[in-house]
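Right, one structure below, let's go through it.
Labels run A, B and C following the written order; every chain starts at residue 1.
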C-alpha cells in the first residue's frame, strides 16, 4: 500500500523562480486497486507518479510504502523502483539492446538476480504482453510501433513490480492497438492482482477499466472517487480542461430533452441498457 | 536537473541592444575579447567593466540571469585562478609547506578570473540579445568572403542555428531517458569509471537513435518547406545597419583603443 | 481534374542486405487511385502501418511512386523541375511538433518557407502576420517554440505551411502526439482554414472524432483504399471499421447498438443532437400509434 501525506513539490525552492508542482497531495493506493489518474497537461500528474517510485523527491510531506517512509534513512530507492514499476510515456524510446529478449532482461539484471531467474522473468513478461518467441532475437528497432510499446512495457513487468504505473500507455496508437494494450493491462490486474495506476487522457478508456479516479488540477488532488461519482462533476471537469465520456453527455442531453433516464452512465453498454430500460418502462405505461 | 543551462538561450525583451544588427554585436564581442587580452592593469579592467556593465544595463537582461551562465565554467575559473595564484614567481606574501602565494600571483589570479568572467558574460550577452537565427545570419554575412575558398558558409550557419534550437530539446530528452532507465533499476551514480561508462550505454543508445530520428524528420520538414540550400533565398529579417549601429561602432572602436592606450601609457 | 489525383499508385519499401541485394519488398501503398477536388476537406483514416503516411508523403513529392502516377495541381511529381512547384501547391504538416519547427522564434519559423521560395522581405512579413493571425498565434510571435504546448506548436507549423500560400495542405497525423485539448485546437484551426480560406485539406489520422466534419473519407488498410464515402456512409459500417483496427465515436456505437435491438434510428448518427432528436421522434411516433 502506498500512502501520501500532504506531499508537496516545488521547483527551484528558495529562489524567485519557485513554482509549485504539487500542493498538499494526500491519498492512498490500496493493494489490488485499478486507479485512473487524469488531469490536463501540466496539472502535476506526471510529477505525482514520479514521486511514487522515488524518481522525484518531495519537498514537503511524506510517502509511505507499506507503512514505511521512503525518505527514511537506509530505505532503498532501487528496491522501491522494482516494486513500483513505472512505464513512461512513449516507453519505446528507452529500448537500447541488440534484441528484444536482452532488452527485457535489463531490469531483472539490474536487480542482481541469477541468470535463469532473469530469463524466466523476461519470458514471462513478454508472454504477458503477447510477444511470442519468434520475436526474441529480433532487433527492437525492427518492430512496429505497437510491438515496441509492448516490449518496453514487458521491460518493466520483468522486474515483477507489485504496483504498475503507466503514463499514457496508448498515446499515438490506433484504436485497436489501444484496446490491446489496455486489455492486457486489465488482465494483469484481474489475473495477477497487480495494483495498476493508469494515467490517461481518454475518459472513455478510464470509464471502461478503472475502479477509482483521481483528478489532478494545478498541482492539487481535486477529485478522488469512483468513476461514476467523478464524472457526475462533468461541468467542473470541463473547467479544468477535462471532460466526461461522450455517453454521459448523451444521457444528460436526453434527460434535458424530457427523456426520464438515469444520467450516471459512463460506458456505451450502460447507456444502452439505461435507454432500453426507460423505453420499456414507458411502453408499459 | 539540467534546466539551469542558460548559455545560448535568447532572452526576449525589447532593448536597444536587442535591436542592433548582429554584425555590430559580433564585432562588439570581438572588441571585448581583444580588449580583455590587451588589458594588463586595473584601469584597463575598469574601462572594460564600465563598457560591459553599461551594455548589460542597456540590454535590460538581468545581471543575475547572465551570472547563471557562469555556472558551467566555474571549474575552469577556479582551476586557472589556483594555477596562477600558486605558480607565479615574485614578491612572497604567504608561505606554507610547498605553497607560496606571491603578490604578483594574487594580482594575476584576480585578473585572469575577471578576464574569464567578463569573457563569458560578454559572449552570453551576445546570445541573450541575439536570436540564434540573427546570430547565424550575422556570422553568415560577416564570413561570406570565405565562400571564395569554397567554405559552405550558409550550410554551416544553418547547422548552427538548428543545433541551438535542438540543444534544449535533447537535454530534456536525456533527462527523460535517464529517468526511464532508472525506473528499470539502472544506476548512473555509483561504481568506478568503467562501470559508470558502461552504465551510459542504456542512455546513449536511445539518445542517439532519437537524435537521428529527429534529424531525419527535420530534414524532411525542411524539404517540404522548399528548402534547397542558400541559393535564391530571401530573408525575412535582412541585415541592415542603422544609425544606432553606426553609433555603436564608434563606441566599439574607441573602447579597445582606449584600453590599449592605457596599457601603453600607464 | 482535381488538385490531387493519383492513378494506380504503388510504393514499395525495398530492404537491402549488406551486399545491396534485395532482401524484402514491402508494398506500403498498393494501387491507390484517388481524386481530390479543390476546396474539399478529405480525411484519410487507417490504423498504424496501413500506408496512410506513405501515401501522404507522395502528395509533397517527399516520396516518388514506384509505379503509377500522382499529380499535384496537374504536375506529375516525378518531373524534377516540378518539385518546388509541387511543394508550394501542397504544403505538409507532420506528426511530431518538435521535429518540424526549424527556427528558435515563432515568427522566424513561419517565415522559413517563404524565405526558401525567394519571396521579397515585405511580402514575407505580410504573410507571417496574416498566417499567425489565421491560426490564432499572433500573441506568441516572438516566443521560443520550446515554451509552447503541443497544440500551439502544431498551429505554428500550420502557419509555417500557410505562409507558402499553398492551395492544399496535407496533415500527416498532426494530432497523434497531442492531448485532447491540443487535438481540438488543431482540428478547429484546420477546419477554419478550409471554410474561410477555401484551402483544400487532407487530414490523415486515426482519431475518428476528428473526421466527422470531413466532406469525404478514405479508409486505408494494408496499403490500399478499403472504403470511400461521406462520414455518414463510412461510420454506418461499424463492424467493418472495427476489422480495420478502427473505432467509431460512442454516440455512433450507441445508436448502432440500439438499432440492432430494433429501435428505428438512422444507420449513422455522428452527433449528440441528432441522436436526441431521433430518439424523441421515435417516442412521439410510438405514443401516437
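By definition in this document, a contact is a pair of C-beta atoms (placed from the backbone, for glycine too) under 8 Å apart; a residue touches a chain by one contact, two chains touch by 3 or more.
Model, not experiment: these values are computed from the prediction.
Undergrad: If we define chain centres by averaging CA atoms, which chain lands farthest from subunit A? Would you check?
TA: Of all chains, B has its centre farthest from that of subunit A.
Undergrad: For the interfaces A-B and A-C, which has the higher count of C-beta pairs in contact?
TA: Pair with the higher count of C-beta contacts: A-C.
Undergrad: Could you put a whole-Å number on the gap between the CA centroids of subunit B and subunit C?
TA: About 42 Å separates the centre of subunit B from that of subunit C.
Undergrad: Could you put a whole-Å number on the gap between the CA centroids of subunit A and subunit B?
TA: One centre to the other, that is 43 Å.
Undergrad: For subunit A versus subunit C, what separation do you get between their C-alpha means, in angstrom?
TA: Those two chain centres are 30 Å apart.
Undergrad: Could you list the positions in subunit A whose residues touch two or more of the other chains?
TA: Subunit A, residues with two or more chain partners: not present.
Undergrad: Mind pulling up the subunit C residues that touch subunit A in the complex?
TA: 46-49, 149-150, 176-177, 179-182, 206, 208, 242, 245-247, 249-251, 253-254, 257-258, 261, 263, 272-273, 275-276, 279-280, 283, 286
Undergrad: Tell me, which parts of subunit A touch subunit C in their complex?
TA: Interface residues on the subunit A side: 40-41, 144-146, 171-177, 201-202, 204, 241, 243, 245-247, 249-250, 253-254, 257-259, 268, 271-272, 275-276, 279, 282-283.
Undergrad: Would you tell me which residues of subunit B are touching subunit C in their complex?
TA: Of all residues in subunit B, those touching subunit C are 9-10, 12, 131-133, 161-162, 164-165, 168-169, 213-214, 217-218, 220-228, 232-238.
Undergrad: Quick one: in the complex, what on subunit B touches subunit A?
TA: 176-177, 179-187, 201-202, 205-206, 209-210
Undergrad: Which positions of subunit C touch subunit B when the two form their complex?
TA: Answer in residue numbers: 57, 60, 62, 84, 87-88, 91-92, 94, 96, 98-105, 107-108, 111-121, 124-125, 128, 142-146, 160-161, 164.
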